[in-house]
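First subunit A sits with subunit B, and in the next complex the same chain sits with subunit C.
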Partner chain A sequence: MAALSTPLETVDEFREVEPAAVDLSVCEVRELNAALHARDVVEKAARWRVSSPDGRHNIAVGLDAGIEVEIDGHVGYYCAGMNKTASVTVHGNAGVGVAENMMSGTVRVRGNASQSAGATAHGGLLVVEGSAAARCGISMKGVDIVVGGDVGHMSAFMGQAGRLVICGDAGDALGDSLYEARIYLRGSVKSLGADCVEKEMRGEHLAELGELLAAAGMDADPAAFRRYGSARTLYNFSVDHASSY
Partner chain B sequence: MCGIVGLHLREPSLYPRLGELLTGMLCQVSERGPDSAGVAVYGDPRMSPPGRATVSLLTGSLTPDDVGTRLGSALPGTAPAVVDAGQTLVVNAATTSEELVAAAKQVLPGSLVIGFGSDLAVLKGVGHPQTLAAEFGLARAEGWQGVAHTRMATESAVTPAHCHPFSVGPDQCLVHNGSFANHATIRRELVAGGSVFDSDNDSEVGARFVAAQLAAGYDLEKSLKLLCERFDGFYTLLVSTRDSFAVVRDAVACKPAVIAETPQWVAMASEYRALAGLPGVESARIFEPEPEEVYAWQR
Partner chain C sequence: MNPALPPDPTLRESATFDRATIADIQRAAETGIYDIRGGGAKRRVPHFDDLLFLGASMSRYPLEGYRERCDTDVVLGDRNATYPLHLSTPVTIAGMSFGALSGRAKEALGRGASEVNTSTTTGDGGMTAEERGQSKHLVYQYLPSRYGMNPDDLRQADAIEVVLGQGAKPGGGGMLLGQKITERVAGMRTLPMGVDQRSACRHPDWTGPDDLEIKIRELREITDWEKPIYVKIGASRTYYDVKLAAKAGADVIVLDGMQGGTAATQDVFIEHVGIPTLAALPQAVQALQEEGLHRQVQLVVSGGIRNGADLAKCMALGADAVAIGTAALIALGDNSPSLDAEYRELGSAAGFYDDWQAGRDPAGITTQDDELAQRLDPVLGGRRLANFIRVMTMEAQIIARACGKAHLHHLEPEDLVALTIEAAAMARVPLAGTSWIPGQGL
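Let's look at the complex of A and B:
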């Protein structure tokens, strides 16, 4: 652990005030992740500050403790993947698959996110303050995703559960082959995917959207959004389509 | 998977650093393509001095001395100079690139022309990209534009001839991350139209297609729009000529690409980490190219 800017051995009570600092220009991502995975990480340092990420992959993946990790700069692939409980903030852009397969906790990207943000994630909250590229929330399984800007094509593809909130516009084939994930969109959609339809915005939807926007810290009026969901026509085989197979 | 990096310099004071910057970028995408690599450099005074034609060659068993002697006899008075870049040789001479290419084909049997023009040197090899960068002497290269590719072969053999960039027209260059689905059909059409192929690599079909459009008088932007209409499959392409630098992705856009732009330079890479070491990147405009949109910059 010698390469860590704040060697874990020296981490003590004062860390409650000052976060443990890790400079990835002098320390390997594996060392950082091993330190964040330590069984007693909460006691040693509940707050971490990571510098010089420089687009490196797999930063802060697999966290499983109630710690806060702030990353100053752009990250590469799969940042905060599989996150559980922890709160991870990226002060920059995120590469492919940020917070993929997240279970719980919060991941916030202050810039833009590349494709497949929040892919297959089961729970927790992913906030992208900028825009997210294609396939945002692909196969989402219970995560809540709030995007301040736009999302690219095929977002929420085969989304099974959870909510995707888009404050900007959506690209082609939004919600294609959707199961029970709910989509809230403030801007326009280029095209809806197969079996994705606009649905009525009832009181309970305005309420849950208001909660999601508040949790994400987004200043947007829930009444300005439309709701999209599954028409559920793909759930069962239709005998009329037999000739297609 | 493959790795692409490219750097188009706008600020002349950075020209002496082209090779150094491109080496750093190339090494960051080594993991995306560890089997082989290739580089194109525009405007290096050692490999492609101004006023002289340049040809890049895979010469097999011929030594640099053999190549220099034979081309010197074939083209008297042109003083061919041979730059040894490991698996590739770059020859420049006081003649036209057409004459130099014709002479190379005539007197260097078994050699393959992998690039030609007035400003372009193409360097290819099999091996780890970091080792190849040293073999090419890339860090010493200068110029206004450079492109590099690390290859993880999926559809044809791992040889220097199969490496990108594919440079099939004067000072043209194409690198590809992805795989074309209908390349065999388009290859047949191009062959019927007179194109002659050097390899069975699908990416060469893309390069020959672009070269055919440029030869027909279209500009690079239009040529790439036509490519989008004609080609199926996955692609992120970086295509360059001596005065332009362009990026395009297919409709699905699953092959990654990041562009960074500053008043001093435009850079493109498969992943941001390849751009992280560029001077002034912290204030660059960074974005991912949209599907089927052509992004082009002119010198």
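Let's look at the complex of A and C:
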């Protein structure tokens, strides 16, 4: 591996004053990730600022420390993939699979997110301030996702657990083959997927939605949302449902 | 009476509507549902039995059995990873899920594999502590369902296997019926108990080889480039799939032919989709050779590998290692004659039992029922598996020495001939007694 670029070597001087700065126009994503994975990363710098991401893939993946990473610009695929504990903010748009399989921590995209945002994520909070494309929250396993704008088709497909909050509209086949994930939608839905149904919005749902919106920093009234979940009719195969699959 | 013969010699069974076909139609009409079962394709397809080794004589000289060395070790994944796997035998254990198999069965596989210094593999449903604890070299599968997938297990794995497909069902996802979804299995998969679990057939966050390249890099980044990354494919358009997988950055390609076992798949899928292992292997080798990557990207072959002869034939055709599923379960005790009476109670018989989806396995292997699972002693099972792998390895050495080879990897296509025209065409070796390789002129 090439030597770290100057900003990384001078991290110590800025401790607790300035975030450690990494310029991806002069250093590789590999160097950045290696630095963020270092056992003593928190002592080195609790805050990191990444410039010139220029759509590069796999930025800040596999983090496992209580650090804050801010990325100034657009990122490519899988930014903050498998994140644990860390807090990652993208001041731009995110490519495919942002925060895929996240376990905990927070990932915030200030712009829009491409397909499969938060795919299979087990925990933590993903906030997309703009809109998210198709398959947002596909196979979600416990993550909370809050989208300020719209989501594309097949969002929350096979969603197993966790909550997907959509402040705008949803595309086709929302919540198809849903398991136990819960969906809150403020706008309209183009069509619901197999086994996804609208459910009653009770007090506990208003309360949890209020908490999610607050955690995401979204100014929206929980009462304006509708709730969707699984009808649970496809949980065990029955020949009479064969045409639904 | 031999059940294969009709009771009255004047009765003639139809070749088209034979008794098994008639029974299938009757069953479908009664139940309204297709047949789901475990195991691999049961139909006869061209296979390694259709190949023979030439052995040495005047023009080649053999190595002395027991005295002259014939090495068997293999290194997997040294193209990019800091820590490739160095195994003592090229026989590895294929990915079989906890869920399909009991925790004790997974532990037994780990024990057996570790005893002979080879690798074992997780499966759909995540990594269990039993198998991590007992496995010296553990390959962690990265499947479309991502059940139980987490970065901690990724980092404690010795290699990562991105699963695109299985030979038993190329293009199909996973299936675990509700009766096997116990509290522990459900918890690992984040699903309610008792729900039929259908794993997706496509990965949720990538499609196609260009995306796969980025996905592989992500896995490398997360694990700091320490671990080999495998890509597993079911045999279908093998020549192209292998090229694409190698170009996407795979360190190891696992190629699973249509005879490959499964825990639970529709019979129609098992029997009618995919191509035989024998037909796929030479395509994979050709693809790697054309890319200049043969032996740099290692090839692990599975699907109906049963003994040292199959192993030696895979090596000769250019594989670096093999993986076994069904044979490993049989070594643990599956289909044991001692359980015949119990198999019969389930409507089967020793030697025929394939209801691995049902969770009622008398051998305690393909079950989540605690009482049944207790029947398998993981220490004894591990020892039996280690014995079996040793025998396979020694059998392959016997053949390799007879061909004058000081390492299993020195076996080559030139050592082989085929018994049938089909096998000759697929394996690209001459029909025995001729110099004719069908499709390659005279």
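Just so it is clear, the second predicted complex is superposed on the first by the 226 of 245 C-alpha atoms of A that agree within 3 Å, B and C clash if a C-alpha of one lies under 4 Å from a C-alpha of the other, contacts with A are read in each partner's own complex, and residues count from 1 in each chain.
By definition in this document, contacts are C-beta pairs under 8 Å (C-beta built on N, C-alpha and C of every residue); 3 or more make two chains touch, one makes a residue touch a chain.
Predicted, not measured: the structure shown is a model, and the values here were computed from it.
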Q. When the two structures are overlaid on chain A, which partner does A:55 contact: first (subunit B), second (subunit C), both, or neither?
A. first
Q) Between subunit B (first) and subunit C (second), which does A:133 come into contact with in this model arrangement: first, second, both, or neither? A) first
Q) Is A:110 contacted by the first partner subunit B, the second partner subunit C, both or neither? A) neither
Q.
Quick one: is A:96 in contact with subunit B, with subunit C, with both, or with neither? Answer first, second, both or neither.
A. both
**Q.** Contacts of A:236 with subunit B and subunit C, given as first, second, both or neither
**A.** second
**Q.** Broader residue contact with subunit A after superposition on the shared chain, subunit B or subunit C
**A.** C
Q. Once the shared chain is lined up, is A:74 touching subunit B (first), subunit C (second), both, or neither of them?
A. first
Q) Is A:163 contacted by the first partner subunit B, the second partner subunit C, both or neither? A) neither
**Q.** Which of subunit B and subunit C A:227 touches, first, second, both or neither
**A.** neither
**Q.** Residues on subunit A lying within both footprints (that of subunit B and that of subunit C)
**A.** 57, 76-77, 96, 115
Q. Okay, in this complex, where on subunit A does subunit C touch?
A. 29-30, 33-34, 37, 57-58, 61-62, 64, 76-78, 81-82, 84, 96-97, 100-101, 103, 115-116, 119-120, 122, 135, 138-139, 141-142, 157-158, 160-161, 179-180, 235-237, 239
(Q) Show me the residue ranges of subunit C that touch subunit A in the complex, using the header's touch definition. (A) 31-33, 145-146, 149-151, 154, 178, 189-192, 194-196, 200, 204-206, 211, 214-215, 217-218, 221-225
Q | Touching residues (chain side subunit B, partner subunit A) in the complex | A | 28, 252-254, 256, 258, 271-277, 286-288, 290-291
Q) Once bound in the complex, which stretches of subunit A touch subunit B? A) 54-57, 74, 76-77, 93, 95-96, 112, 114-115, 133-134, 152-153
